[in-house]
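Each of the two complexes below includes chain A, the first together with chain B, the second together with chain C.
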Partner chain A sequence: MSTVITTPKNRPDPRDAAKDDSMIKQKEMMARHFDKITDAPESGQKVCATFVPGNLNELIMCFDFANNLPEVNAIQNGLRKKSGQFVMEAEKLGHSEDVCTYVKSDIGMMAKGNLAPNGKPFPDPDVLLLSYTGCFTFLKWFELLREQYKCETIMLHTPYEGDGKITDNMRKYMVKQLKEEVIPKLERVSGVKFDIDRLRENLRRSAKAEDDLVYVLESAKKRPSPIDAYFGGIYYIGPIFGAYRGTEEAIEYYATLRKEIDARIAAGLGPVTPEGPMGKEKYRLVTEGPPNYTNFREFWKMFYDEGAVVVASSYSKVGGVYDYDGFRHDPDRPLETLAEYCLGVYTNRSLPQRVDMLVDYINEYEADGLLINSIKSCNSFSAGQLLMMREVEKRTGKPAAFVESDLVDPRYFSAANIKNRLESYFQMIDQKKAGASIKGAAA
Partner chain B sequence: MKTFIGIDLGSTTTKAVLTDENAEILGRGITNSRSNYDTACRVAKQEAMIDTRLTLCRRELKGDTADDAGKLDELLTRLELGFRLEQFLEQLDDLEQTCRQQITGDRFAGKENAVGEVLTAVFEKLRGEAPAMYAPGGERKSDFFRDIAGSRYLTVAEETAKEAGVPFDLLLNVYDKSIIEVENRPPSDDMRGKFLRSLNAVVKDAPDFGVDTGMVEKAVKAALEVELEEAYLVGTGYGRVTLPFSKEHIRSEILCHGLGAHMMYPKTRTVLDIGGQDTKGIQVDPSGIVENFQMNDRCAAGCGRYLGYIADEMNMGLHELGPLAMKSTKSVRINSTCTVFAGAELRDRLALGEKREDILAGLHRAIILRAMSIISRSGGIADEFTFTGGVAKNEAAVRELEKLVKENYGEVKINIDPESIYTGALGAATFAHRALN
Partner chain C sequence: MKSTEEIIKRCEELYEDLNFTAAREWKDAKPGRKVVGYMPIYVPREIIHAGGMLPLGIVGGGDQLEVIHGDAYYQSYICRIPRSTIELGVGGNLDFVDGMLFPSICDVIRNLSGMWKLMFPDVYSRYFDLPQNFNDDIGGNYYISELQELRQGLEEHCGVDITDDALRRSIAVYNENRKLVREVYAYRTKQPWKAAAADVYLLIRAGLVLPVEEHSQMLQDWLAAVDAEDRPMKDNCRVIVTGLFCEQPPLNLIKSIELSGCYIVDDDLLLVSRWLLDDVSTEGHALGNLADAFLHHSESTSSKYEPVETEKGQYLVRAVEKYGAEGVIFASPSFCDPALLDRPMLQNVLNAANIPNIAFKYAENSGQMQPIREQAGTFADSIKLWSEA
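Showing the complex of A and B:
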């Protein structure tokens, strides 16, 4: 029998003392999100399971579904130190060590009672909506879930941006699938008739929140950066990448966040860390790849203890790229805009596009270099990362470094090894800067 | 004299390097890391100080004297051996005293005197053997007290206990309780006394060398008088964070290895370091600044410890592996660099009738193949290429590396310094020097 340690409820978390309003608000939003899903059997609401990248939340809401996102559950289990036992449970069921650990955490969680963070069981989904296929594992994941739940499964095929652009054909192909496959099936499962005006309203709300999100992300161009766009960024992207995009709550959240960031900028402050405000900003980094969730705070601490702040990250674009090429959900082109959103997700972009993006981030955010956290079980991100690193180094002349860990498998987080590499990298940046200033003085 | 100290706290050994104001190496010291980095650091530093005194003696003696016949070198070697003997005897006395203090409690009841007598006989024998070990050309199993004294103690105590009719486990018990304590005791500071006693012994034989004993005494005494000021110290290696160094006194071992390799071979552009638990591929620029690096992740497959494990599996000494592998006539393919799987593969190949040397050659190749993958991820090999770390002392590993470098990168100059184990410490000492200059 395993012992699960949980924090007793109703006791104020002392760490909340260091939290901003937006963080408390977000915590409440997460709690409501899970309650909504686990209360579905009583409320009679139907449940749709779908993935974060390319999620069609605005469309899903048109059919009154509660939206359950399996990666969000895996992340929660990682942060709550539960994913390790789930991953091993999935391995016991026959899933190999190399399989994506989000999947294994999910499968293991189902085997162990399928409990949400609020302690109540997740209801079985009524529909599985696979709206993004840029990650091939998603296909397999939903195959497993379909087997488990025997429910309606909808697949929206998203063509890969292999040639580095979205073509008209791609857009038309996706709109056709939306019209002929996705919407009719969602209508059938939900029993709700599709109303395009309702979709337009949702999209209008999305765009409003997206404007504020981009403002927040771009605030990192300032010195010192008022935000950490990777570790802090995880919190900032929560509502927009999850079940809140297209809601008033998301608009409010991002408005609050924007105000907080403005206040930090006015006061010349850096990011807030779990241990309070960060000290002096010494290194500005661009990161590529997801973070590690099982040792999230420990990993973050290795950065802020050294004065390293992440000014831009590719991971905070995994559920949609809003800053780089100005994409906003467009209520005037409702289905086209959903297609473009799915197509533009970071991991659906070609390697040259990703390189361009990282190079531009380094230049625009005046970063000292690129840090890659390569995830053992995530091919969507990891394939090609070394090549990308070389190319970014070559084009920016800035040093890059590579650390390795995993999403939610605690066995693949070696603190000493990662810390060693990070410290080496920070000292490399110091040396580069010192070398450059000597050369500069000599010139 | 101002000195700059670099200390590399590795997983297996701790190394120290002292340099002077011209960044010239004065002395090197090494000790096993134990589980006590504080002591390891102190011992390594003191060893480097001893080496420094010898360097200073050499400088004094050779200052303006030609040494065509190598007589001064021999004299200095004897001076060092004499010093080492003194040092060994000092620790042996400590070990004996400590062992005696352990003869208490129920299990020794009624046998105190018998055990005490065996100890007297054992240590007398060990003391008697010592001068031969430290005679010119004498052989020692290792340079570490624990290894030398330990193996002889166990052998001699077993024999002596048997003859005296005393249970050997009692002798084992007092030794086990004492050795860590002795090893972790701060070394005695009487460096000067030991040098002078050694000098006396050497001078006594001096007529044989045909050198002026007065000059030797004067030079050695002058070298011992030089005041060594610790101007700046930099620590590196896995144990660095456990030391009471402030942040500015700590450098990453990757940067230290890069810079150390550059100091040894200024044209170095790629460094491979295979240590006890990591393998690192490092690219450096023409001034020794690290441009890129890769290292093993999460698991120490294919690092130095792998060879240690194989040596244990084969019941061989670590240093015997390379020479045996060199005798191989065909290479057996070993796929796994996972330390545990390699043990299984090893037994499997032995069962199939493969020769030990051929299997060993395959194991060495497996390590180097893994290292090649790490280097290629760090950006490949550029001319010149410097190989460092404990595994660089293994000739079979070097042979495989040379082959694979040639196959993959063509003609590249490969540098291996016999003192390459000190690369990280040298880099740290250089950082210490740069911090003040």
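Showing the complex of A and C:
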């Protein structure tokens, strides 16, 4: 058995686990995000709800809305171990046990007082911007919320990249929707006139932060990787996927983060884990699929205890792909760029594209293999993953493994099963590496 | 004149034939013929037909296909239809199919389009997007370009010409077929004791694998035959069954509902056969006409966005009134996102309109019908009691 036993000797000093500036900043940003939304009834600010993939934050800000992203709330409820009861509440109300638990966590939360993490109630949204991007569930989710809130609901249909490319027709369709439906409706609800220069400014700021985000993500090409691009990556993508893209705060956050990563690189350090800096990097993995949030730390620990670091992950591309084909929000083509952003998010890409991305990540980041965390809730990610796994294995010659859990439903997290599977996977990687070095020596 | 029994027997043979012999024979009858498969929920079959090709509806493997390979491609929490469809592909049952279309209905079929590309690289596989914006200038123009791309793709891959004239002719042929399908449905609504739900299902299902002209003739024959026959009327209640628009229920499930005391007076099975509600114009811009029909005269269903909040689910309420139904049965495939996410909203609408309803789930290979029979039986009894009270 080749499992690395983490002894107190190689366990880093917990005092090192002191929070980095970027972490403190992000915590504050998160708190301000929720305060802004829950204070809306007093501040008079209007609230728009929209989804993380296809989140048009730059546009939403043009109308002075506070942006409430329901997946972010579901994640918070998962991390705070509240989502389980919310999911069950929604099921009691008649929602099927078979459907996405993000939706049920949201609906259950509404039924139980709709409280934000700051303890104050979420106000009803003034508008639901149904950015239908990369996931069928979104369509029904906002129909369900519309039934409850009876507020203006704006559909923005992002066509799927079925043939692995963005066509002119897709772009035009989206720009037309933005121009003729989305913007006029947002103007009407907000009472604010659309100013394209304001949008350009927001987009310019987005691109700046995106540069730094990509720098951070790509730092994982180094050995040891200074970041974990999956578990740590969740934190790194927070501001840019959420309500901060296009703001000065996001620029500052990513600049700070970049500096910290540079310092880690200079010191030859690996990622920071909840228990302090990670020990020796032993396995480099690429992951596909969202993580589990109800047992997030326990799940992460199964990796860092074994010296496994995730060097690239598809999940950190779900709210926008910035690294793979170099997309940046472009202030010179404001509406087209919003369309292309939506069209390019990871879950809006065809399966062959997703396979190409994972293969390229494995090669470019010199990973030892692919790990898929298949999410029961999510057909958008999960349907087809077993074939993806085989394709990636075939094309890279690297071993892959498959574990199953759920995003925010604790009933589907089986720690023992996942741990067993991971242990055998790490063994498999060891064997593969040993085989390769024997072959290398024989050659 | 053929009897309904003879006609349904032929339909049953087609239904059971997972090797698609009829379509193979059609293809072999003339060199150069092509077959293009499509999945639920809707594709404009006129475009395939206009290229002289056979549109072939693929709706999974049903309860007769043993799924051996398919399970290795899907986790347990994904519905059945993609795995049995993969089984058909891997097993060679579809080896004569030149193209496959995967319409936008949900993320499972969407992703299957990419799987097909990876697994069967020689087949023309296309994800066929349907607009969720129903404005002519926006969704309409987008859709026309989509249709145009589909047309070109088929022309290039299958080496055919799809002219405007041919398209207009094909539209007329499908108008005729849709009209006959509507007549069959109307007949059943009026005299459900004469048109068993399973028979009607098989009859419409035959249209997935037969050339449309042959199918239209079959529908005509059946309409003539059914009128000439007599069957006793039972004291059944009248129900609409909904949620069956993709993965097919086992034939036994349809029979069980009827056997337990419910006449099915409308359903959403095989929607492709009546997706467009009225005749499509055969004058002028053929693709524009198909787009107009899609945007303004097509079925409402769970995979389609309802832009007007107050209209949500009203199509079901209207159907209940129009067909004189006394209740609605939600029968949904397990793990089906569109059907199951939509269901609570539809149930709320029905409850607000005091329309009795029940819900259960199935899989295409469900074997145990007893629970369904019991549930549907109790539902029928309660409706009868309700109407007597």
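General remarks:
Operating definition for what follows: the second predicted complex is superposed on the first by the 425 of 443 C-alpha atoms of A that agree within 3 Å, B and C clash if a C-alpha of one lies under 4 Å from a C-alpha of the other, contacts with A are read in each partner's own complex, and residues count from 1 in each chain.
Convention: a residue touches a chain if its C-beta (ideal position, glycine included) is under 8 Å from a C-beta of that chain, and two chains touch if they have at least 3 such contacts.
All values reported here derive from a predicted model rather than from experimental measurement.
By the touch criterion defined above, A:D195 lies against neither chain B nor chain C after alignment on the C-alpha atoms of chain A.
Annotation for chain A, partner touching more residues between chain B and chain C: C. Looking at the shared chain after the overlay, A:V355 reaches chain C, while chain B stays out of its contact range.
When the two structures are aligned on the shared chain, A:S414 is found in touch with chain B, with no touch to chain C. Touch criterion met: A:E404 reaches chain B and chain C at once.
In the superposition on chain A, contact is made by A:G435 with chain B only, not with chain C.
Once the two complexes are laid over each other on the shared chain, residue contacts for A:L386 go to chain B and to chain C alike. Overlap of the chain B and chain C interfaces on chain A: residues 386, 404. Residues 93-96, 98-100, 103, 130, 132, 135-137, 139-141, 143-144, 146-147, 150, 153, 155, 157, 159-160, 162-163, 167, 169-170, 172-173, 176-177, 180-181, 350-355, 374, 376, 379-380, 382-387, 391, 404 of chain A touch chain C in their complex. For chain C in complex with chain A, the touching residues are 72-75, 77-78, 82, 102, 104, 106-108, 110-115, 117-119, 126-129, 131-133, 135, 137-139, 141-142, 145-146, 149, 302-303, 305-307, 309, 312, 332, 334-338, 340-345, 347-348, 361.
On the chain A side of its complex with chain B, the touching residues are 386, 390, 393, 399-402, 404, 412, 414, 416-417, 420-421, 423-424, 427-428, 431-432, 435.
Every residue of chain B that touches chain A in the complex is listed here, in rising order: 238, 251-255, 278, 287, 289-298, 377, 379.
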